[in-house]
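What follows are several structures.
In what follows, chain A forms one complex with chain B and a second complex with chain C.
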Partner chain A sequence: MDNTSIKRKRGLRFYLRIYFKIISQDIKSKMSYRADFITTFFGMIALNLSGFIAFWVIFKNFPQINGWDYREMLFLYAFSLIALVPAEFFFDNNWNLQQAIVTGDFIKYCFKPLNIFFYYMSEVFGIRGLGQLVFGVGTLIYAWVGLALPVSFLIIVKLLIALFSASLFMIALRNLSAATCFWIINGLHVMNITNKFRDYARYPITIFGGVFRVIFTFVIPIAFMAYYPSLELLDTKQPVFLTYLTPIYGIIFFWLSYKVWMKGAMNYSGTGS
Partner chain B sequence: MKKYLALIRSGMVEALVYRTSFVLKIVGNLIYIIIIYYLWKAIFQSSGTGTVAGMTFPQTMVYLVLASSLFAVMEVYLVWGTHNAMQSGQIVSQLIKPVGYRAYNYCPFFGAMIMDFIITFIPTFILVYFLSGGYFDLGINLLWFIISIIIAVNISLSIDYFVSCIVLYTQSVWGLNIVKETIVMLFGGAAIPLAFFPEPLKTIVSYMPFQAIYNAPMMQLLGEAAPQKRLGMLLVQLLWAVVVYAASELFWRRAVKVVTVNGG
Partner chain C sequence: MPIVEFKNVSKHFKVLNRREGLVGGLKDLFSRDYKTVKAVDGVSFSVEAGEIVGYLGPNGAGKSTTIKMMTGVLLPTSGDISVSGRVPYKDRTKTAANIGVVFGQRSQLWWSLPLIESFKILRDIYDISQEDYAKQLALYESLVDLEPLYSKPVREMSLGQRTLCDILAAFLHNPAVVFLDEPTIGLDVAMKAKIRELIHTLNRVNNTTIILTTHDIGDVDALCRRIVIIDKGVMIYDDSAENLSKFFGQYRTLKIKTDDEITYESVTITRNEEWVEIVTKEDEMPVMEILQALQKSHKISDIRIEEITTEEIIKKIYAGDGR
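Now for the complex of A and B:
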């Protein structure tokens, strides 16, 4: 009897309630450093702007890449930006994992009657994703109008599903690279390397040949971060089998990253202080 | 002089301790090379012509691979270091050292860069040379290239130093650091060769100090210019090195007065 009541308490509602309690503390503390908030916001805008300038410079010289013209590529670009936002918002604490492990602070997460992964991730809200979201949505609307894509209830639902699935890959890749911190000292380097991959998610996977196309599709799945899901949304492109595999593979990949992360967390033995 | 050498040595030794980070750097570099190889191959294939903005595909590849490899060598965490030193209060003990703050931080960086240069840049350089089929000359231009890199390192460090001064005021680092990084990367030419930039952006960028960090050494290596022109490019770089150094030094003298350490 008691057992079932505990189980019921641990439903989605329980976790949501806890989540908002923890996260609101983080947002409060972030708001008290206003200068940091402002510079972070503008930093993110500058980061996106420079990415956009690079993109624009390439298309000033080359009218198309592998049959993708400027507007279509812009769509891919905006899509990949938005798909990254959930990883920035909700899984940003991965960046602090190495520090937490080395200093021994991580041990505190092991002693709470909560899922370690959940508790750890809920502690930080990556406000820097906000700048990215604004920039991404603006660019997407611009590309959408430029391509004269229809606006209907169905396509918006499709877009949201596509974005959600793509974001799972971003999150999973970040979890996996952060999880390396549990086993090696320099996991932060792995994070920096994989973080650069997202810049290349905005190009069609068809540019890669042979074995690298397989690697960038299944092992380091940057192809799913924008290319495959976008095929369904663009009128001018034909979706392929992998397009429809995106949500399923996204969930599998995310689950895998969660398992690996948890395995690392379970192995953690603290620093002894 | 002895104390500076000791600091440089400490940087070299420290760099050797973190062997996994070297391996990871090399792996990361390799993946990056693969990606940009395929990307630019596709770009050039789609354009139909062999030469765009005066650059061929092999030239673009050599330029980008070496520029990004240089970026990895020159990347230092001075801005974060200053921020952390201020937060932890360690900056106080660094400020009272018998060497200046700049030298105290620079010397280990120089040491680490020397190791990085030997272990990551030179193998990349050799690899690129053979993969591109001996695309560039290995003659007197190497000397110009090396001198140019040494000046570029100083400009890069001075820019970091300048941004560190801003951090002393704002006490926030992520945003500022990312702005610095993206500007240096983009306008320096490490992301896209500056030759591709359309006018008037190209002209504007050529009057900025950032092009002296990556574009200038690359031009010394890949370009075929008369010695007078090479010397002129070097002098422009040197001028920027002096200007950025002076600006960061003046700024530091003001900024260091606002340092407030809460305990520590």
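Now for the complex of A and C:
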């Protein structure tokens, strides 16, 4: 009776294929609710715009923060926005985790012959990341031109690596804070708090005192979400040792967050039904 | 060889003994005083391929825990489990490839996708060959009117349609075992009948083993030849549905119409408007004997004798009688 057992090992290709199918269907169905789609898109632009205005007001009053001028700060700001996009796109379902656990709906993710983390995340494509992406890229280009940074193949590759590494931190932090929902009843608060912390990613780490600098580097590593990787890209700044550590540390942190999330999922037994 | 086998399986949970009040809550923070709850305690049973087994028990009896252990979601504290030749908790994904699960109130389909897209994704997930997939869809179309549902997103479906589609999705990869958890909950009578018929047919066509948990005895009467009952983690019955009444005694209800106060030794008597209901175990106290005795001393205007239903037997079991 073993007629449908899986013959081959399920590799990356299998998961990519399934993922593409689910996500493309999800986007298609989301676009079919046009009003919803447009509201979400422009809502996200508006939200980013209001954040930007607050940022702009600060710099009207302080032309420099710790040796960082307006354009450099704008660069950090745009960088952190773009680095958040993959977390918004592909790991948005983390926000629904508490709900899924409280209602017991999470159990359904355990019944398919798929990796639970994969299956759970594949279910939602966070379309609001699109507004963020558009706004972030626009701001980055503006800052890039303003800073008169060079445009070469090498620096584009560097930028992409830096963004990719930073996004791993964004994703990992979200995974970790969402995973608390497996152990505590109100993990959503943890998610909101770390989300607030993430806002500090757009400031140079040097503005913080010693203790916070250690915390933001090694405990809640938001300094890697824009500051450290940007040092390599900006002409006016000198990269430090941690800048080059960003990709490796990012991968480790992401892997760790995945392990913790999975441990939580295994720990979970669901409410009775 | 049995398709599902439980050998002396137990699942114990450690639960914090909560103290009362604010001070108690503070104490809980520091000293953790656990007690062990035996959700499932030494349960053994085996299910042969093609059987439909009704797995019954009151709320909190350990049904969900059993199902979770069968599907590899929960690790048993002790004992051996095998599902279609595999140990579920050792290899959850491989076990999952060969089982189907339906949870009555929780759709496992993609909420925003049209049904046919969900089916296509399931085809990929379970690695169903093009040929088997077409065959199964042809079967489905011959059983229910699927055409209008194909393009409908699950979120726009009625509960009945959703349940129907969930059941079809669970059988799509032709699994060896399907777990149905309250498949007819919340449905109207006509839809219940339709779902039961569908389950029955799907069981027959591919000889699929079905384990059904339900609180609706109609499901049991319509589908299950065999019943397993669990209560407080302990298995208390495992036999055919017909034998249930024998095992728990041949209960009959004698209804008499009278204005008098009725008392009789060692039987339960309830008054329901003008009818007096006397429930008795036939082998201990025959109905006829009671009737004859009562006739001598009371004026009886009408009588009725009713066989006890499965529902009433189960109710008695849940209430703790007959054990």
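Assume the second predicted complex is superposed on the first by the 264 of 273 C-alpha atoms of A that agree within 3 Å, B and C clash if a C-alpha of one lies under 4 Å from a C-alpha of the other, contacts with A are read in each partner's own complex, and residues count from 1 in each chain.
Just so it is clear, a contact is a pair of C-beta atoms (placed from the backbone, for glycine too) under 8 Å apart; a residue touches a chain by one contact, two chains touch by 3 or more.
All of these numbers come straight from a predicted model, not from anything done at the bench.
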Touched partner set for A:M44, first chain B, second chain C, both or neither: first
Which of chain B and chain C A:I184 touches, first, second, both or neither: first
Partner chain in contact with A:T236 - chain B first, chain C second, else both or neither: neither
A:Q99 touches, of chain B and chain C: first, second, both or neither? neither
Touched partner set for A:N192, first chain B, second chain C, both or neither: first
Which partner reaches more residues of chain A (counting touched residues only), chain B or chain C: B
Chain B versus chain C as contact partner of A:I207, first or second or both or neither: first
Partner chain(s) touched by A:K30 [first = chain B, second = chain C, both, neither]: second
Partner chain(s) touched by A:K21 [first = chain B, second = chain C, both, neither]: second
Of all residues in chain A, those that touch chain C in their complex: 1-7, 10, 17-18, 21-22, 25-26, 29-30, 104-105, 107-108, 110-115, 123, 269-270, 272-273
Parts of chain B lying in touch with chain A, wherever the complex brings them together: 18, 20-21, 24-25, 27-28, 31-32, 34-35, 38-39, 41-47, 52-53, 170-172, 174-179, 182-183, 185-186, 191-192, 196-198, 201
Residues of chain A defined as touching chain B within the complex: 33, 35-36, 38-44, 46-47, 50-51, 53-54, 57-58, 60-67, 128, 184-186, 189-190, 192-193, 196-197, 200, 203, 206-209, 212
List of chain C residues in touch with chain A within their complex: 3, 49, 59-60, 63-65, 68, 71-74, 84-85, 92-94, 96-99, 101, 103-106, 108, 110, 112-114, 117, 120-121, 124-128, 153, 173-176, 181-182
